[in-house]
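Two complexes are shown next, each including subunit A; its partner changes from subunit B in the first to subunit C in the second.
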Partner chain A sequence: MGSTAKNNLKALLYLLPAVLFLGVFMVYPLIDVFVYSFEEGYNSASQTSFGIGGFNYSYVLHDPYFLQALKNTLILVAITVPTSTILSLLISLGLNTITKLKELFQTIYFLPYVTNTLAVGLVFMILFKKTAYTDGMINFLIKAFGGNSVDFIEGPYWAKMMVLCIYTVWIVMPFKVLVLTSSLASVNPVYYSAARVDGTPPHRIFFRITLPMISPMIFYLVITGFIGAFKAYSDAVALFGTDLNVAEMNTIVGYVYDMLYGDSGGYPSYASAAAIILFAIVLTITVINMLVRNRRLRYVE
Partner chain B sequence: MKVVLENLTKKFPSRDKKHPEDVIAVKDFDYTVKDGTLVGLLGPSGCGKSTTLNLISGLEKPTVGKIYFGDDDVTKIPPENRGIGLVFQNYALYPHLTVRQNILFPLQNLKGKDKMTKQAMETAALNVAKLVQIENLMERRPAELSGGQQQRVAIARALVKMPKVLLLDEPLSNLDARLRLQTREEIRRIQKETKITTIFVTHDQEEAMSICDEIVVMKDGVVHQTGAPQSVYDDPKNLFVAKFLGMPQINVFEGEVKAGKLVIGKEEVLDVKGVRDGKVYVGIRPEGFKPADDGAFSAELERVEILGRDISVICKSDLSQSGMIRAIVSSENLIDTTKSTVSFNLNPSKVFLFDDKSEERLF
Partner chain C sequence: MENNTDYNDLGKDIIVKRIISRTITYILLALWGLIVLFPFYWMILTSFKSYSSYNSEFVPKFYITSPTFQNYIDAFTTVSLGRYLVNTALFTIITTAVMLIVTILAAFAFARLKFTGKNIIFILFLALMMIPNELVIITNFVTITNLDLRNSFPGLILPSVASVFYIYLLKENFEAIPDNLYYAAKVDGTSDFKYLYKVMVPIARPTIVTIIILKVIECWNSYVWPRLITDDPNFFLVSNGIQEIRENGFGRENIPAMMAAVVVISLPLIVLFLVFRKTVMSGVSRGGTKG
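Coming up: the complex of A and B.
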């Protein structure tokens, strides 16, 4: 009896640093944000508000800037998550089949992961931005093939969205390639031998053996991909500068930031409401993903 | 379908920089597996038996030599076109598919004129499942099956296309002792029912001896002896084969032949006419000892183990390579355990002499 209590105390003591840290930096702010989101017109200087209610949500959901940010984020998620996952899978399959220079290519594909976001942004500027002296590399190519040049950074919405999507896909791919390459390599080669003896055509080996066997990893990448894309912000800043509302390229996280610190900022209540909406969306999608995953993977170890 | 292996050799490039010469896994393998027989490739770990199986299946290409299925040269034909069924050591059942889907898998790959209707596939799968007695497990996943059941599913999957040759790689090594006994009888039964030429790999001599029509004893990539299990056991070509076959192991002594007499230690134990004089290895099967008060061969008695029908007489002897002698005698022979020594006569057909250098059989 005494020793159990002592053990529990000991366990709590060990947990204390983590509990304190998580409590102060995660749990408390989360609760705080939730509270703020229901306080009308909260003022962080005077710590006062006008009252409690759903006003902040109603404001945010009717704010055209938020709706633009929501639309941008949803498009970004819908395009980049499947694209980056499929592309990474193709690259990993390629990497897995070559033997020569495999390490070199693996390193090349991993480079964007260790490159600074803003540095990458600069590279994209060189590729896409129109200046007084040049139209950018891509426009140079478009013109070389007889097309009309497009302003990708300050031009039409679709062009900007395309650049943002390409940028995001390129940034998130290295990690996915890394994970998928190692999970492909971990499939026991005896399954491929068995399939070979049975005369299984390559596409069938891929869809009936390889894909099911690495599907846990793919689900993991899709879930983390969704979460990451919903949290996109710095990528848009790197490409279009900090005034994202004017550029029509804001994201939900960008909107939250603007509401707090931007030129039109100083509205922690609106920022909190927007953050909670984002939280609700991400939670819903993650739960749906988990449910699908559990149905699909019940028997795969 | 008979399987002919002609001068089969497989070399692997060395990965060890200090020894850049190729590793020879199989060397000059010449053998014919007769149609409809069950043949065991037998040998210690690393003797090249699995490589030989991979060569027959086509998963590996031979460096030199040819393989014929019947009269067809299949040396350059890829595994999927050889018409083989292969059972892997760890079964290689697809974990995400049910037993039924696993068995159907090879059939669904068929193309062109071999293509089957769904109904025909289901019927074929059910028939083969009945043959290996797993028809009530069809909707389970491999993870929900015992080792023995997984083994049966693997055999069913290999058999469903009605292969010309069935290959099994260490089929029993992942099973516990009781299941191993049962499953080897199963393999024999299935082979007899289907009459498919079957080749299997094992390092367990008892397994090979008990169910095979013929065995191939290998060591270091070289075939040492082939033939019916009993004849190989009764007439080993060299010391390795004599030692490898038989449980309990054969007793090996260092002896000498002097003027047609075999001498072990100081005793003349047997007449061996026509054998050259000089040092020899003497192999005596445990059942080759006959207790006799005036026997030519005597040893210090250690203990007696009574195993029901037989008695195991264990003697100490510095002359034996293992330091011990194990003799198995019928329980009708009463051994006087109060005496410190015991004497035997030797059954000449159970005594083998081998050259002390080449280890080849002399007598």
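Coming up: the complex of A and C.
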């Protein structure tokens, strides 16, 4: 008995720092954010509110800036997740057929992962930007192929969205290529040998062996890709600056932070409501993921 | 005889096909490599162009005729790049060190100690992994503001210290260490704490190195929290610093100097990656997503 108490005390001492930090900066905020989101007319100066209700959600859902951010985020998700997944699959398949220079390619492909999103975003900005002095590198290429130059940074909506998508894909590729390459390499070579002996054509090998074997990994990448793209923010800041509402390029996360802080800030209640809407979207994807995965597993059995 | 030549032809055909497809593979892989490397090439190239020559190039040049170091000097003298770098280094080192202590202690408790409610507490810990940062950052912002810790290192560091995922990773690793070692140490009268840092930490070194590297990458690139919590440029980290340089930097739009700053900011992590390439890549595939 005394020994149990002693053990508990000892464990408590070891766990105390983690429990303290997680309690103050994760558990308490988690409860608090729901409280904020239902407190109507919260004033951060006097820390008072009028009452409890769903007004904050209604406000956010009717705010044109939020709808713009939602639209941008959905477009970004719809374009970048399939593009980056298919592209990384092709690249990983290519990498797995070669031996020479493989490590060099892998090292190069990984570089965007270790770069500062804000800093390298500036490079993309100057590559795409049109100024009084120069049309920029990308417009130079477009014109070389006979097109018209476009201002991708301060120009039409779709031009801006395209740069954002390109930069996002560039940033998320390293992780996907890394994961898919190692997943492809772990497929048992016996299957391939057997198929070759049977004279199976390559595309059939791909669709009947490779794809089913790595499909759990692809599925995982699609889900993490969805979640990551829904949380997009700093890539947009890197390209278009901090005032994303003016640039029409805000994202849901950007909207949360703008409501919290900055020139349009000071509304933690609206920020909380928006953050919880985002969380609901992400949670839905996670749950669908688990349901689909369970069904698939049963199907495989 | 005729059959034999047929087979040879068939063989040749396959070999030619294989060479062609291999060549195409290499060309496509090289193309993607080029797309990845081009922004890096462009920032280095631009950072060595002089202000006047950059602005006189209506059609951008792919090479430099007279490279200059002036942009790097400007980046350190005209704007406070040095200050941002020192801040980020301090922030990264302290955050990683404190995180490591918290993580090692908690992982040890879960892996080795016996206590009431251990399983339930661990499951609660794991449940926290599902909480996105965006959800808790609002209250943390209010907490740190109320504690009067805006524009201070504690304000920057405290909320970034605890990480459930790293505790989980290290706990798994600690559990793989054979029990015999622990009991042997107990018989010798070694205290738990001494056993932890004399035996367990050295054995789990590879995992600890992985955790350190992942955390360093995360800290060096962190943007959102520092942006919320600092508006005094004296406490800016590099991500905020580069935004500041972009918006009110050199008094005029000085892109070559801006690129010099970008090169300086990018270099430390790229060097770290090239030195610890294998560790970084295996660590990221175990538990990293770009956050």
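Observations on the model:
Methods note: the second predicted complex is superposed on the first by the 275 of 301 C-alpha atoms of A that agree within 3 Å, B and C clash if a C-alpha of one lies under 4 Å from a C-alpha of the other, contacts with A are read in each partner's own complex, and residues count from 1 in each chain.
Criterion: contacts are C-beta pairs under 8 Å (C-beta built on N, C-alpha and C of every residue); 3 or more make two chains touch, one makes a residue touch a chain.
Keep in mind the model is a prediction, meaning the values are calculated, not measured.
Partners subunit B and subunit C, once the complexes are superposed on subunit A, both fit on it without clashing.
In the superposition on chain A, no contact is made by A:I277 with either subunit B or subunit C. In the superposed model, A:T200 makes contact with subunit B only, not with subunit C. More residues of subunit A lie in touch with C than with the remaining chain of the pair subunit B and subunit C. Of the two partner chains placed around the shared chain by superposition, subunit C is the only one that A:L22 touches, whereas subunit B remains out of contact. In the overlay built on the shared chain, the residue A:A11 is in contact with subunit C alone; subunit B does not reach it.
In the overlay built on the shared chain, the residue A:V163 is in contact with neither subunit B nor subunit C. Across the overlaid pair of complexes, the angle with its corner at the CA centre of subunit A and arms to subunit B and subunit C is 80°, in steps of 10.
Looking at the shared chain after the overlay, A:L76 reaches neither subunit B nor subunit C. Taking every C-alpha atom of subunit B against every C-alpha atom of subunit C, the smallest gap after superposition is 5 Å. Applying the stated touch rule to the two superposed structures, the subunit B and subunit C interfaces on subunit A have no residue in common.
Touching subunit A in their complex are the following residues of subunit B: 57-59, 78-81, 84-86, 88, 90, 92, 94-97, 105-106, 108-110, 141, 143, 161. On the side of subunit C, the complex with subunit A involves touching residues 22, 25-26, 28-29, 32-33, 35-37, 39-40, 42-43, 46, 55-60, 101-103, 105-106, 108-109, 113-116, 118, 121, 125, 128, 130-132, 134-143, 158-159, 161-162, 164, 167, 192, 217, 220-221, 223-224, 227-228, 238-239, 242-243, 246-247, 253, 255, 258-259, 261-262, 265-266, 269-270, 272-274, 277, 280-281, 284-285, 288-291. Contact residues of subunit A toward subunit C in the complex are 4, 7-8, 10-12, 14-15, 17-18, 21-22, 24-30, 32-33, 36, 44, 90-91, 94-95, 97-98, 101, 105-120, 122-124, 126-127, 131, 133-137, 140, 170-173, 175, 178-179, 182, 224, 228, 231, 233-234, 237, 241-242, 253, 256-257, 260-261, 268, 271-272, 275-276, 278-279, 282, 286. Residues 188, 190-191, 193-194, 196-201, 204, 208-209, 212-213, 299-301 of subunit A are the ones touching subunit B in the complex.
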